[in-house]
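The two complexes that follow have chain A in common; it is paired with chain B in the first and with chain C in the second.
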Partner chain A sequence: MYKESTLSVQISSIVQETEHVKRFTLEIAKGKQLPRFSGGSHISTYLETPKGLLVRQYSLTSHPDDCSHYEIAVRLSEASKGGSRIWHQSMKVGDHLQISYPKNHFPLSFKARHHVFYAAGIGITPFISMMQELRDKGQTFELHYASKSKQYCSFYEFITQHYSEQSHFYFSEDNHRIPTLFLENHLVGTHVYFCGPETFIEHFVKAAKDLGYPKKSVHQERFSPPQLKRVKPFKVSLKSGNEIWVDEKQSMLDALLQHGLNVPYSCKVGRCGTCELPVITGDIDHFDFFLSEDQQNAQNCILPCVSRAKSDKLVMEIK
Partner chain B sequence: MKNKAVFINGKRKYIFCGDEQGLKLLSNVLEKGKEEGLTYDRYLLSDLKMTLLQDFLKSQKMGTFVYLAIPFLVLQQFRKALEDIGYLEEDVQYIGYGERKIPVFCCRCHEINMSNQEQNRLFCNRCSLELEVSDHYSAMHNAFLGYVAKL
Partner chain C sequence: MKWTGDLAHFPYPFKDSTYRYSNNSIPMKQPFCIEVTPSYKKEMLLKRKLLSDHPERCYQSLPHSITGQWEIVELLIDHLISQYPQHFSVEKENNSWIFFNKILDEKVEFIFGDENSLSCEPLFFISHHVQEDLIYMRQRDDDLYLDAGQLCFPANWSLAFNIGMKFKNIHHPIPGFKEEGLDQRILQFLMRLEAGTPWERLNWSLMAGDRLDTSLETFDQWGKLRKHVTRENAGELVHIRVEVQKLFRLPRTNSILFSIHTHLLSLEQLSTNREWLQQFYEILSELHAHIVEYKGISHYKASLMHYLEEQLERVKAT
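What follows is the complex of A and B.
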């Protein structure tokens, strides 16, 4: 299995943030410092399980300049395939684990004159470090944060304590939701950032596009790959002559990894480009958010974590 | 920076801005906007000063697209002002006319010199070094690199 270089950390505290969210503090060995990171960064966590290594990505919620520890917040997912369940039910203070160096696929734009964050649910996490960074730099921002209720609203106290003037909460239990209409009021120079469930992101990205926002002013962070409406199986033909079958239920990346190919990967949601592979022939259905329109139209590379074949077969430039 | 405006679809509002000559260069895209019933403002920049235009452009909302048509000689300073407001490259079409000067970065003293478009060689205004204009453009300095002409 592909594994990047990692840091060895220990869990030093666990806080029950809300009923479904726990906050974990991770520390490196005494006397050592963790690398500084930029607002919006995340880490991959490597969990040893009887079924093998589980890799999960979480946004860093600690202060970007504080190198004494990292903090992540994990929501217990109902559809958990193991990751969040292990974090919630098995991980204890004192446990050791490996984490990646911080990575950032959701950085703050240095061209923005004003930043507006739209968060839903656990989608708040990347914005915690982004707000800290902006406040240190003296830049303006606002936060619109949707949650089920105050009780289920992660970081509610932290946000109201530190960013009360910039923050607005919308609790669905009170029939209060964030209207996309807000996008109509942002002045030129504003950059908008969306994080939350896929439908939430899609809804806001579409509204911004319809208003004519330039692509570079619209930023999004996804925790899951896009939900594809029509998925069909296909074959991947390798340079070695081997053929790998990709069924409807698995990603092309998972199929390649299962067959022992050492394909590098990271985000698994089509954002980072780590898993990009060259394609010789075949029609590609691109679902990533990484390649440019021109690169996608060229039909000569694929991000197998989310993209698939339109044709029955893809011939790949890999052994 | 272009010589001719090209219509861009899908924006909530368009601003057609220029001096008298510049607005003539925008007539094709202005007509297209009118035909399609789009929301637009026409802004005559009679004195070629940025102050009033700056306030007007600052008050616009996201999704606004600007066509700016003015002499090449002043286009760059307007571009800088628009970028400072927060307009991205994708938000604006810069249309120039008239004499065009090329900024040339002196490789020795880092002075930015203005050269005529057809001029291949020039002497740096500050250090007097003879420079050969290269095709190496720096977005950071908004200038072409001037190499030592005679070694």
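What follows is the complex of A and C.
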């Protein structure tokens, strides 16, 4: 099976940040260095479980130039398929694990004149390193951060200590919510960034679109694959003549991998484009954020990690 | 002076008997972006002379590339000392670095990240220690821009002309590249490059003469040799030029380092390998006219084919 190159790290500290969030510090062996990273970067963590390897992505919340350790913050998700549960319940100080090199699917815009971050809940994490980078470069930014309450607000202390002038908090317990109205008042040249639950992102992306924001000024980071609304099973027909069944509970990529096909992949949320495959016939339902609109409309390639078939069958160019 | 490399180290670029443009990149087995060859000293001498005599032609950078330049310094020094510990070493104390180049018997002290601690820009400094040309492509707002570069041995292109340009604009002159949609796919491929997984590819062309510095700016000096190729002198005069190109994601600035190591081999030397001779002849025989033209072969293709046919006959006779 395809596997990317990884770094070997050890958990050196665990901090209970809030009731549901723990921060983990990951250190590399003495004498070695971790790669620097850019604001908004994440890593994949590889967790060994009795059921196999679990790969989960987390934003890096440490300083981008700190090569001695990385930090991630993990929220225990009720809908956890195992990743956050293992992090919270099984991982201990001293444990070793493999992580990917840093990757960035949520980079800061180069041309933006001003950056505005909208975060909800654990969606705060990518903004921690992004704010650091902007401060180092002397660029302007503001943060609007929604959480249930001060008590449940991750990085509250850190943010008020370092970015008090730029930050605004909205606690739903106090009936405070971030109004999308804010989007109306940003100066031309402002780029907006959304990170949080799917509904939060959708709400703000739609508001920005309705206001006429240029598409390239709106940035979003999803922690989970987009919600699929029209999921149905389908068949994949290969060049060899073999057919693979993809049921409604699994991704096409997982089905192909399970059948021993050597499909390279990386992010598994339709971002990086690594798993792109050519399609000969069949209607494709694209759910990725990688292919351009034209490429999607051409209906001749698919990112199987998130996209599926509208038709009953996809005929593929792969063996 | 002869720049022709030795046969044993030559990166012969062909796998099949046909050649088409493609994204022929493969993941690197040995993830090092530099190579020190037996001609290191000779090439460093030439490179340093070019950098000092023609800085505008050989070195360009935009002001926002400095962080990326430091990233390149860190990566190259790391690769030099881990692959050639007998030749290079570094002593680090916090951000104070002392870099030793034992081949050239040099020692450079600087403070990592502090531009004032060097007498030149970081990329310019490290360029003086590696044979490769170094191109820095910055990923910004969903496109790649040539934001800095050191280029002493270009295959007929100009860094001064291309600085600040987007990937597709740089590659605009390649025939068929845009029409076949290759430019878009390769751009997307480059933008999904990940740290820790570097790629490499080989690129080739032919040239009359054995000059490493075939910049567009000096075309008047070397281009005319194309007209002097005959079937009698082709073996000595015509060289195959192969670039080992390596692609590394630089995670600090989310950019790409593109390193180019250029190798030259005369056709006379190439012909000493029977399989190469046969395959190279087949490739040239069926090479599309627009590629022949772009690679600068059209002037002397007939003489060249005569020469190769003679060589093939000679080989068959033995």
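In this text, the second predicted complex is superposed on the first by the 318 of 319 C-alpha atoms of A that agree within 3 Å, B and C clash if a C-alpha of one lies under 4 Å from a C-alpha of the other, contacts with A are read in each partner's own complex, and residues count from 1 in each chain.
Going forward, contacts are C-beta pairs under 8 Å (C-beta built on N, C-alpha and C of every residue); 3 or more make two chains touch, one makes a residue touch a chain.
Predicted model, so just to flag it, every value in this text is computed and none were measured.
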item: Chain B versus chain C as contact partner of A:G83, first or second or both or neither; value: neither
item: First (chain B), second (chain C), both or neither touched by A:P107; value: second
item: First, second, both or neither for A:G273, with chain B first and chain C second; value: second
item: First, second, both or neither for A:G123, with chain B first and chain C second; value: neither
item: First, second, both or neither for A:G282, with chain B first and chain C second; value: neither
item: Contacts of A:E4 with chain B and chain C, given as first, second, both or neither; value: second
item: First, second, both or neither for A:K215, with chain B first and chain C second; value: first
item: Partner chain in contact with A:P35 - chain B first, chain C second, else both or neither; value: second
item: Overlap of the chain B and chain C footprints on chain A, listed as residue numbers; value: 111, 216
item: Contact set on chain C toward chain A in their complex; value: 31, 64, 71, 138-142, 188, 192, 194-197, 249, 251-254
item: Partner chain A, residues of chain B touching it in the complex; value: 10-13, 57-65, 85-88, 90-91
item: In the complex with chain B, residue positions of chain A that touch it; value: 111-114, 183-190, 192, 208-217
item: Contact footprint of chain C on chain A as seen in their complex; value: 4-7, 35-38, 41, 64-65, 100-104, 107, 109-111, 216, 266, 272-274, 290
